[in-house]
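One structure, pasted below without further comment.
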Amino acid sequence: MTNDTWTLGGHEFHSRFILGSGKYSLDLIKAAVEQAGAEILTLALRRANSGALANILDYVPQNVTLLPNTSGARNAEEAVRIARLARELCHTYFVKIEVIKDSKYLLPDNHETIKATEILAKEGFIVMPYMYPDLQSARDMRDAGAACIMPLGAPIGSNKGLCTKDFIQILINEIDLPIIVDAGIGKPSQACEAMEMGAAAIMANTAIASAGNLPLMASAFRDAINAGRKAYLAGCGSVRDTASASSPLTGFLHD
Amino acid sequence: MTNDTWTLGGHEFHSRFILGSGKYSLDLIKAAVEQAGAEILTLALRRANSGALANILDYVPQNVTLLPNTSGARNAEEAVRIARLARELCHTYFVKIEVIKDSKYLLPDNHETIKATEILAKEGFIVMPYMYPDLQSARDMRDAGAACIMPLGAPIGSNKGLCTKDFIQILINEIDLPIIVDAGIGKPSQACEAMEMGAAAIMANTAIASAGNLPLMASAFRDAINAGRKAYLAGCGSVRDTASASSPLTGFLHD
Amino acid sequence: MTNDTWTLGGHEFHSRFILGSGKYSLDLIKAAVEQAGAEILTLALRRANSGALANILDYVPQNVTLLPNTSGARNAEEAVRIARLARELCHTYFVKIEVIKDSKYLLPDNHETIKATEILAKEGFIVMPYMYPDLQSARDMRDAGAACIMPLGAPIGSNKGLCTKDFIQILINEIDLPIIVDAGIGKPSQACEAMEMGAAAIMANTAIASAGNLPLMASAFRDAINAGRKAYLAGCGSVRDTASASSPLTGFLHD
Amino acid sequence: MTNDTWTLGGHEFHSRFILGSGKYSLDLIKAAVEQAGAEILTLALRRANSGALANILDYVPQNVTLLPNTSGARNAEEAVRIARLARELCHTYFVKIEVIKDSKYLLPDNHETIKATEILAKEGFIVMPYMYPDLQSARDMRDAGAACIMPLGAPIGSNKGLCTKDFIQILINEIDLPIIVDAGIGKPSQACEAMEMGAAAIMANTAIASAGNLPLMASAFRDAINAGRKAYLAGCGSVRDTASASSPLTGFLHD
């Protein structure tokens, strides 16, 4: 398993757990990153603004890749603007595109996201678009130069799990890019299931931040993601409607 | 987490993964036990019979507790007979009671299982009854002296998962004994979910035996069970129907 | 469909909707029975006691079969006693056996129910046992002389639906008696699904009583049960993982 | 219920079951329409072409509204072309927009569908867009002049049911147009559930065409859709985790 790496924008990663940094205090971030074994940490640029970036960098281990997101953007133009700012502030070409007009369900605008992806990919960004798992939109994002596809499992922060399971499976089957399930994952078992299906990685934030013991939940997610990855590689057995004896049932007392 | 142990019949265990030994060859058992980190290994007595026990013991690490089961028993009397034989052959008071009349779905006979539990508990056995997760039967097993309750998730070997989820949750809430989910668990994510619900341990056999890479799947289950246990201890956040921003959504470009 | 009848204890019924009378006022019962098209109405004997029976009979159409239940019984002996009383008061040999010790989940005691079934069947009752859908218990009830099997979908009054779906399907496949899903059904779609699976009839009470418009919900259930029965007879098509064009997709503009 | 009508493009309908005509022979269409009680029948224009339209019209009752679809279109331009042709051939302004590039899952291209909707709505068509249930796309379709929104439940012809349930519920909550669930509905119970959620109507084709008895299945769907509508109007009771007695449990034998 030590050789089981994946590649994003030409960079190689071992960890398949992308951690969010929203919703919890800076002093917990370090513990969470360590327990999660995370190599990528998302960052709302708003948080990085006005001196806070320096603070966060104090708390984040050196080898962790910062992934700024464009949260707050309501169209492609705003997302592009935030992405360029993020590049300056965070010295990185990684960017997670979020374009959201809806404040109740925080569902993404796929079409504006495709437009932003195209512009930023041409500028050399490693573009990671957050999206509603619609196959045609995923194809358009791929064609626009996305480095991966980040479909939602359920509305951000809802902890509802893999409500879009059937359609994430279609993306995994049809799109030849890493599929990273992002948003909605509320429990380690759900992260594990997404990995069993063949997802490349999992992004979680609220599930960690809303746990009673935050570093312990980060550790739980790490284990569950590893478990799901191993199960995917090991190959799950088939499901049956009737039983199949695991021990011999007949003959013992009656031979 | 190193202190997170559980107790069964006065014995303390660290691992919460009980491994089945049916359905796969002896030379794989050692690898599976090691990768699973299992401290308890079930054994159909039929397999232990006629010289095979010695063989199995060669393959099982010294610190692993053998758990003979009564598979093949079709009523309480036969289960009792097999249990006593197992005690002689395996030098253990642990016994998993299986009483099964049905060969298509391999569903247990709760009533005969209660009778066998009562007889064997009085003889000093550490009785672990496999059962259909019916609250009243679980109470009767507890009152008859069971050391734990082993409800099925789905028919043995079906890999269908937690079909009885709602009723296993009721057992966890109502019965003050370790609840060990046994049978039907087909994937690590399902084992993880049962642990998140508060199960004390998981028993799996077919899911491991039917995997493409058996030791890797055993390792996947170990990680998933640890993940679910940690999540249970950490406390999962609540589920919402609408979204909850994990990054600040407003104000960035518009302050 | 007018010929699609079913038989219970030698009596032929057209309606497959058994209506509960608990939880709502007498003046609504008549409307509910009419809208439900029900031919069988359950009745807690407690309600029939002390002059109330006469009242209920005033509200129930003549052609409706009263089905007294043994609610309140905590073991076989009490159930038998209530059943005999019911026979005197209601002039009927129909009886629904409920034996419940648990006041939180109201789950039945299958073993005591089997004992009561055996005694009452020998006395000529048409015994309808409410039970936890455990295949072996259902076989024992059948062997004890039950006229049908009444598995629960979920705890009484929970409106949770078909939580025991997989196991009710097993009863339908394996037991050659009418399977009547009783308890837990909260919505017409759930009643419909149980009928699609091959259930003989549905019993509902809380779902009707807790609706905003009680007679309209009774009518909704009647339609849904008819729909499910028709679908069962018509034979549902198979489920596919990929799509299957319902309209020709190619050739129109490109021939 | 006789007054429970709904409006589409200024036309009032009583039936909430839109029937597909693909996949089955002309002589069955009449029986299906009658059993379904359908007032709207979809028609792939390809089928209407080359003299076949006259044939279909012979089989369709006079009061049924023909709804041509644009199946075969792979972009907005082709959809617009087919829609105009349909208007000429079928003498109707109703049109269902289908733009599909993917031949394996037949998933729609929401963005091209929005473009076609805008063009056709301006030309006076009553535009009914088939779509992937993405809230932002639904808003864009509404703003482009759609008369309703037709989200898919699952891939066309898959019979998988309401895989997109959570997101269809969001559309029902947020979009002030009739929401018509189209594609994937495989059983009456699934149609019933969508109506309970507040859908305005259901479109089905494969579920009927793949049934063993086609007219009987059409009748089953009609009943199930009525049941779900009534339940929506009657107001379903709440779901509980524990039980709630429907009959008095205590006091009977013990007063």
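Per-chain residue numbering starts at 1, and chain names A, B, C and D are given in the order in which the chains are listed.
One rule holds for everything that comes next: contacts are C-beta pairs under 8 Å (C-beta built on N, C-alpha and C of every residue); 3 or more make two chains touch, one makes a residue touch a chain.
Going by UniProt, the chains are A, B, C, D = Thiazole synthase.
Here the structure is a predicted model, which means the values were calculated and not measured.
With centres defined by CA atoms alone, the chain at the far end from chain A (Thiazole synthase) is C.
A count of C-beta contacts for the chain pairs A-D and C-D puts C-D on top.
Between the Cα centres of chain B (Thiazole synthase) and chain D (Thiazole synthase) there is a gap of 46 Å. With centres defined as mean CA coordinates, chain D (Thiazole synthase) is found 32 Å away from chain C (Thiazole synthase). Mean C-alpha position of chain A (Thiazole synthase) lies 34 Å from that of chain D (Thiazole synthase). Of all residues in chain C (Thiazole synthase), those touching 2 or more other chains are 104-105, 107, 160, listed in ascending order. Taken pairwise by the contact criterion, the protein chains form one closed cycle in which every chain touches exactly two others.
Only residues 20, 22-23, 42, 44-47, 49, 69, 71-73, 78, 81-82, 98, 100, 103-107, 155-160, 186-190, 192-193, 196, 205-207, 209-214, 216-217, 219-224, 226-231, 233-254 of chain A (Thiazole synthase) touch chain B (Thiazole synthase) when the two sit together in their complex. Every residue of chain B (Thiazole synthase) that touches chain C (Thiazole synthase) in the complex is listed here, in rising order: 101-102, 104-105, 107-111, 114, 132, 134-137, 139-140, 154, 160, 163-167, 170, 174.
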